[in-house]
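Worksheet: the structure to be examined is printed underneath.
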């Protein structure tokens, strides 16, 4: 395989953090390379350097055999590189067409739109979404759909080396399948792919070789046939890994905590009913856009136009008021941690106590002593280093950020209800296992947990009760032994009764 | 009947700022008087915006008013518009704000006060007060209104002129207080500090009474004695604002100078009336400039409250 | 650029050898600025004289109160309000009218209430429907001036004789009363920001509106509260102006919003919200006032004073942010 | 169909413009003050004072920045033009524009190099430019002695336009065409809508920031210089209040401070709304407070109507009413 890209001795430090250290890497043409590693291992930093988004402190990059400087993404494009960044890079105010060609070096100042339109249409066709309106605004698309537009952008631009940083984190399984198929096709055409994912299944399914990052260093590169799943995890963590999903405990006190009756969110959820008992995990499973995420949002009071009847421990829970929910210990964890969960520039301590100010502010005046004590306690319990209470929350890794958000919900006078969307999105295996353990511990304390997930492996692994949804409607409900990957997959993709029509 | 010719004439009054008490009072008394002559007065307000005022002048020209009376927001920025008025055959009367030298051909007459004389009167008052308090020379600081154009520079010039009479009296500082009270207080305090080491200031001219009051406040705060007695700091103002009158009564302010909006408004209306009735007008119609001191303050107390 | 990629590793790498600790840089920069300023002050003849100090302390107080109020708005993520200057003028006028009718107590209550309400109404529009704060405040300026024109009939107003307003014109232990008020306002601002639930909510909203909403912060009340306090502090500035200069008109307070935002910025409060403090703003206001005083004392001509003030504000902002960011 | 008209970025400004004209005409009915031949010219003159500044400022707002320094540049450029352009007016204009360009580029570079927010940098710029203008003029107003030029730039031609308003309209046309028919417009919207995304997609964001601030500087400088010529004078304190009307025009024209929305023609319409209001209220002899209150009310209405939570709040109120009954 001729080498298309190679990197020698790459290093990069941020304030006080060594993100990359002496990384060497090479990629052949027609190769699909997986990159794995814990949160914060340096994967994104690595590919950002390749694209010229960040500049390395040291090291050299060769593309097609020539040493190159990459001052910015535009120049990288000129060298045949293209990226789907971890955070989406679409302009919501522009149309799909404009987004596909946004910043493309191949579009002159004055150009014929028709030619561009045709090439964009071809890219969409290849991704199986040829029926989308190229003039539609990207802002109106769901996260998953946007991800597909990003990939279409790479296709339309004839990229030789495609870099995908967690492209599937927000996609449903069927969409993932399609993307993997497209990538295989590209490989067949001789293009190369760098594929970053926390979903190890995809790595094994798609990639030829896998590179593992740990603590900013490149610790191993191996053909996927030569590693096992366990081996890979061990390489990532640097220690043996026992078990992903903790044991279910039978909970004696399984009173119904949250009862949802005929919940309707116009245009998104239709007549949803379910019961979340204490000590159990109720999982609402559905593809992105199925309305599952809206159920939790509505129950958390975030959707003002939701209607229906919610009761908590027999008493009515008012819809549409978050403060009201928080006051009754109903908490929400968003799938969008960065912008809907965390207060990024604020300290870990402030973040931990954000929802408890009521209890510790007689007449509105805070008792910092109490708050600090509580924060220390909470940090201990969710496993965030208590020495970092004073650092800004942005500086924590994704896994630690999520733990911190869990921390907000603990230590109440009485156990509450936790509504979670995609609680482990973008979180590495190690941290993920810790979060699952944390969820179980909450169950033991008598919390009722409601979660949504588009990762079926996770659904099957952690849920006690599963409710499947398709296009805003409930399909079926499963409990205990009856939870199985295949039936759930069938439900959420094309349920029997709807397929019949 | 001589006055008949004013009847039904349409007059545009362009004022600078409707929220300014002096301006508003002038305009109101002008309007009242002019309407008694049977004129029809339309008021435009430029919020001290020279560009807007020029625009308003052009609008007034387009609408063929019989006469335009203008308080210039900016002495030279108004000239091109005045030239257009002249070209259109519409007479312009300047009010209060001294016209730019060299623009005489574009206006009929100026109604207002001689700002240089006001400065001169103030200067003379300072010299007299210094002498009366036993000082032969002295150091004087000026805290002025906006110095870029308009009244401020004229008054400074008049003040300097008066100072020539006694070369031992020096003007040591001219600082731009922009007519603002708080800013003037700050400047005053810093001037006191600057000259404290070398024996202090003898007199301060706050160009408007509100600025003079600010200078008094700063002096009091700094423990400097204010008044007209020996060793005291002499503070003078002008414009006869109510706060100035009060301060003269309490002997804190040595003197002020008349500037009375009701008189100005009336005088302007009379001048306009004269113009319509074909009277020959001088290039300047000046209102009297009188010094207000403790001696005659009672006479002005009424007129200076607007 | 803060996304979920910008994360520092979890708990384990604490033992990792750190690069030179850049976090100390802002502190170092600040120390250098303070030392430089002090040296310059000492070297300026007359700076430490009574008249200078007193006039500086007095006149910085009016704008300072407005700036502390502005800080709350900035921290809450709403950039700045253009209407605070006009609010100060209106409060000064209301104060005099009310004092003339009902005495000092009534005057104080009326002035603060009007200022707080005018500002809180804007806060309500900003918070409840999330209207754009800059436009709302520009609109408010126009409305305040328009209304004032109708009510005041274009006149200055003065205290009646015998209101006893003179007693509010003294000093407290040698310090001008105005500055004492500024210190109190700063303390109050700092108290609100650091020690109350409301203050914490402000920071939360400023650093992430959506997260604050999802965490159950009553966002519109918090925004309204920020504007309410800003209005009250500004009202206090208006009251002090009226008391000190024995009268008021709508020109009082003109331009204070620019001075205030300059003080906020020079103090190092971030425009994007979620970070900053009242103390910082006090420092910013003092720095600007000191620099201006120094230039005047050193006898710089007026025009150079303007230019230097501009350059120095520029420099301080640059220094601050480069220290902040590194 | 209906929705597509409503989503058109020019829809709202045009509606407001129409509403203003209708209202003023109604007030004026039968008296032929607003509805007179002179009004269009007068309106365009006012437009010339704020239009270009609004365009420059509006473009900075479109990329989620804010150029406070336009006020300072407006005054400084006027002084520079008047001081250098007495003999050769073109030379004066060229000097003014060069200063605007240089100042914009410097500010832009500072923002890009040090990753600073624009409010801070341009506040520094504003104070510095004002200071510079004072130094250059020694704190005096400077008269412009070339009176012929002063009259020429305001000379009406074609009954409607003057040199000043003609220049403004021409620049608007060029910018609108560039914005609509080249890549630049979409790149600007993308930067405003999500800067990081645009950068990763390959847009040279830094160049755009520098370029747009340079353009804003040039706009302010050109307007300031022409205004100073037309008034035959310049003042370091500025001859006209320009920031607030310019920001208001941009916002009325559909630019949001959140970035990503707005079009040059929208800004032109917004500026036209303000100009019509100013000239119209002048014409119908409204007392000054009516001007203030009308302007305040319109801006407030636009701000509230634009509020992203408006619909949600109204629905909440409706729901509350239902449950109360």
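Letters A, B, C and D mark the chains as written, and numbering starts fresh at 1 in each.
By our rule, a residue touches a chain if its C-beta (ideal position, glycine included) is under 8 Å from a C-beta of that chain, and two chains touch if they have at least 3 such contacts.
Just so we're clear, the structure is a prediction, and the values are computed from it rather than from any experiment.
Under the touch definition stated at the top, chain A and chain C share these contacting partners: D.
Most remote chain with respect to chain B, judged by CA-atom centres, is A.
Of the two chain pairs considered here, A-D and B-C, the higher C-beta contact count falls to B-C. Centre to centre, using the average C-alpha position, chain A and chain D are separated by 42 Å. For the pair chain B and chain C, the distance between mean C-alpha positions equals 34 Å.
Per-chain Cα centroids separate chain A from chain B by 71 Å. In whole angstrom, the spacing between the mean C-alpha positions of chain B and chain D is 35.
Among the residues of chain B, those touching two or more other chains are numbered 18, 147, 176.
Within chain D, contacts with two or more other chains are made by residues 137, 139, 196, 236, 287-289.
Along chain C, residues 3, 145, 149, 302 each make contact with two or more other chains.
Each chain pair that touches appears in this list: A-C, A-D, B-C, B-D, C-D.
Those residues of chain C lying in contact with chain B across their complex are 45-47, 49-56, 58-59, 62, 145, 148-149, 152-156, 158, 171, 176, 241, 244-247, 249-252, 254, 289, 292-293, 296-297, 299, 302. Per the touch definition, chain D reaches chain C in the complex via residues 110, 114-117, 119-121, 123-132, 134-135, 137-139, 196, 236, 244, 247-248, 251, 256-258, 287-293, 295-300, 302-304, 306-310, 313. Those residues of chain C that touch chain A in the complex are listed here as 2-11, 13-14, 16, 18-19, 21-23, 195-198, 200-201, 203-204, 207-208, 210-218, 274-275, 326. Residues 18-21, 23-25, 28, 147, 175-176, 180-183, 185-197, 210, 213-214, 217-219, 221-224, 241-243, 246, 306 of chain B are the ones that touch chain C when the two sit in their complex. Every residue of chain C that touches chain D in the complex is listed here, in rising order: 1, 3, 79-80, 82, 125, 128-132, 134-136, 138-143, 145-147, 149-150, 258, 261-262, 265, 270-272, 301-311, 313-315, 317-318, 321-322, 325.
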